[in-house]
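First chain A sits with chain B, and in the next complex the same chain sits with chain C.
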Partner chain A sequence: MVVMCLYVARDAPNSVRAVANLAEICKQYLHGRFKLEIVDVLKSPLRALKDGVLVTPSLAKLSPAPVAKIVGNLSDRASVLQALGIKG
Partner chain B sequence: MSAANGRILRLVKNGPEREALESGQVDAVLDRTSGTALLLPEAQRALSSTAGEAANHLLAALPRRDYERLLAELELVALTYGEVLYEPGARIRYVYFPNDAIVSLLVVVEHKALEVTLVGREGLVGIPLALGADLAPVRALVQGTGSALRMKAASFREELERCVPLQREIYRYAYAKLVQARQTAACNRFHQVDQRLARWLLITHDRVRGNRVHLTHEFLADMLGVRRVGVTTAAAELQRQGLIEYHRGDIRILDRRRLETAACSCYRVDEASAG
Partner chain C sequence: MAIPQALPKIATGVLGFDDLSRGGLPRGRTTLLKGGPGSGKTVFALQCLVNAVRMRRERGLFVAFEESTRQIVANAATFDWGLGPLVKRKLFFLDARLSPEVVHSGEFDLSGMLAMLKAKKQELGARWIVFDGIDVLLTLLRDPAAEMREIYRIRDWLADNEMTAIITAKTERGLSDAVNYDFMQFMVDCVVRLNRQLEQGLSMHRVQITKYRGSDFLAGEVPVSFGASGMEVAPPEPAEILHRASTERISAGFERLDKMLGGGLFRGSSTLITGLPGTSKTTLAGKFAEAACRRGERTLFVSFDEGSEPIVRNLGSVGIQFRPHLKSGLLRMYSARTESTSADDHLVKLKSLIRDYAPRCMVIDPLSAIGKAGGLAAARAVASRLIYMMKDQGITVFVTAINEGDDPAAEATDLEVSTIADTWIHLSYVIRSGERNRALTIIKSRGTWHSNQVRELILGATGPVLADVYTAGGEVLMGTLRWEKEDEERGKTLQRRAAFDHKRRELQVSEADTRARIKAMENDLERQRTELTLFSSEHDARLLSSSEREKELRRKRDADPAKRNGSKNGA
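So, the complex of A and B:
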């Protein structure tokens, strides 16, 4: 089970793209074996700051270890897969 | 460079965040000092634009003031293929306004499912709530992976009471769906499978970007209420006529205009009531 948290800015263009890119990856590689929380930093900026987020979109992989972070709209699939520890 | 941009660049000095910022992949930057998120100019423009630019058509039709108030209650979620949003008889906890996700609503009878309708960017999943029912009458199954904005059932009810433009949009949509359901009942009884397949392909095509539609054999059989072999024959016929290309559930629409001609007249009725 991969546990992730995606930080977005409402439905701003890069945030929407990040959600779509991540959804596609989940569909293709994780087959339901994931938990995803989406945090809107416009609604919850303090939560994002507490989690050490600097920019949105950002994706944090919380488990399994090691924890990893990837920033941007997640269109570079190879880097996302690597950060998530998935063999592409 | 604007003052806002200068501030953003000072907040993000280096590292992968700076790279993402420079390649235009960032929407907002968190500011520890003020405890707020600063939107980049492009994201600011996209978010403050008129509701007319909202991806979901029902939301896009709302006056900007109403849309912005609703946004405070809306949460962006990813819907993935195969995910079930409601089961028949379950309490509806959220309504969903799809952006690019597609959800199919299925009637389940004795463990068999028959698709009654598709919901994409033109609509809303959770219509029963607007009509005073709390329980889902059908199964809502994600058919196309993508994003949606969702709202808690209680907030949706409150908004519906106070926001006349939202009411108007929702009732107009619910009416179109009612017309479509009646039409489908007649269509299932009177029209040939290949005509009905053409109609559903058009309905699906209207809800996706591009010319590719992914629908499994099993799903098409459910959608049309026929056995798989019936789907094979009908799809082969449309393919023979050069209207579609069909390979293992990947369907490419080759000639939309002629596909409209091949579909039964019900597609025109769907279109007219949705407009």
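So, the complex of A and C:
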């Protein structure tokens, strides 16, 4: 089970793209074995601040260890898979 | 056509900067602060933030892209800002460094961060924001187009939020990404450039305002220094000299010198003492300081390249006692090294000392030391600024300067203080007959009569003494020569006295003699008189006795006394 949190800035182009890219990855590699929370930073900025998020979009892999942080619209799939610990 | 409206300004409280910018930074606008590494950008920005809290209770956000916020706060703790308690309640620090472990995958933007900052701004009611090290953030974007886009985003966000913003950006010469900074310069209302440069082995800081929309400002680079209170911009020298001229006289240390100065120094005047090492410059300055303390005046004694302790001890050996005044707090001593510190930094330090201690009298010994490190031109400017500043505040000051040569033509100091100083005392050695003696000359003393004679300065256990001078054949006599001259004078006096005594005694003797002779003659006269009297009475006696004898004889011859009587009557 991969637990992730994606921080987006509502409908900012990079954020929209990140959501789409992540959905694709989950569908293709994780087959339902994942938990994803999407946080809209514009709606809950103080939560994002508390979580140490700086730029959007940002993806945090919370488990399994080690935790990883990925910034960007997740268009570079190889680096995302590596950070999430998924063998491509 | 609309008349361009001047931007409202907000004071930064950074000493000197508000004068330079004619009021501070543009309120509710953005200022770009650029400069090389270590030029003081972060200090300046943070100082503005701290001052805003202190001066107007305005809160602020500090977004750190380059350094950790913990490091920034720790660095700032070296200044006397009292940042600690402000950090939580009045200021918000955002550590906005992207960890190197963060994986990059495609483009990102700052809309999330700005949303967070907006929330924080509202929570805190912040009016100020600092983006420190925006260059670091921009390089993370890895795309010039994205950089441009995000700069625009920040600009729009700042405009919407009406915050007074400072964006700092590191500039390095020869870096190709200067395009964006040019662009940033265009979008901000004020551009301040900080510059750090090595000059003769010392780092010199300078600040320059290169752009200020709709405002007048002082162009040109101005020296900056960093003291206990943070950054300080050297104030431009006022074109007009406005000093009150006091007519109050105060002692220069001891009576003889005061006399030579026509009654002492004017309150608030500056005195320069020049001379070779060992000519007692410090002693004179010490005497001045001690006299000031005795009058109950707060005095600041600044020494360069010599510790306070040895100075106190050395002055004590010539009867100048600092310890009681140090104990009472009237006297404050400050010692500094000059090798590693630029003249500007000394100026800042001395200014803050003067501000904190508010002395009425001050000594800087030797002022020439500030020219040791860094450029001479800078030291000259600092020396004159220092003296003018002290004059402005009515502080009576003694500064000493070491002369390289001892010939009168070279009596001007490197720092060219002699033209500014009101009084100039020169100490020199006079070598004659195998002796080296100290000589004191007053070269100038504005607005007062002063002796133009050279005096010998003698250091005794009770302090410096100015000895009378003897001139012989147009030369001042000193040391043994003076002593000999004095001795000779003493001898002559004794001789004169002896001669007088002799003559008096002679006269007395002769008077007595005459009296004696008179007495003798009187005695003679008396004797003669007596003799005469005696002689007369003898004669009478003889006459009487002869008549008596005759009578007796007649009586004896004539036995009839009646007849003798009758015959006598009838005869």
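Going forward, the second predicted complex is superposed on the first by the 88 of 88 C-alpha atoms of A that agree within 3 Å, B and C clash if a C-alpha of one lies under 4 Å from a C-alpha of the other, contacts with A are read in each partner's own complex, and residues count from 1 in each chain.
One rule holds in what follows: a residue touches a chain if its C-beta (ideal position, glycine included) is under 8 Å from a C-beta of that chain, and two chains touch if they have at least 3 such contacts.
All values derive from a computational prediction rather than experimental measurement.
When the shared chain is aligned, chain B and chain C each come close enough to touch A:72.
Touch criterion not met for A:3: it reaches neither chain B nor chain C. Of the two partner chains placed by superposition, only chain C is touched by A:83; chain B is not.
In the overlay built on the shared chain, the residue A:14 is in contact with chain B and with chain C. In the superposition on chain A, A:57 makes contact with both chain B and chain C.
In the superposed model, A:48 makes contact with both chain B and chain C. Of the two partner chains placed by the overlay, only chain B lies in contact with A:26; chain C stays clear of it. Comparing the two interfaces of chain A, the one with chain B and the one with chain C have residues 8-9, 12, 14-15, 41-42, 45-46, 48-49, 53-58, 69-73, 75 in common. Chain B contributes residues 11-12, 16-17, 19-21, 23-30, 32, 35-37, 39, 42-43, 46-47, 54-55, 71-72, 75-82, 99-100, 145-147, 149 to its touches with chain A in the complex. The part of chain A that touches chain C in the complex is made up of residues 7-9, 12, 14-15, 17-18, 21, 41-42, 45-46, 48-49, 53-58, 68-77, 79-80, 82-83.
In the complex of the two chains, the chain C residues touching chain A come out as 94, 96, 98-99, 101-113, 115-116, 118-120, 123. Across the complex, chain A meets chain B through its residues 8-16, 19-20, 22-24, 26-27, 32, 36, 38, 40-43, 45-46, 48-49, 53-58, 69-73, 75.
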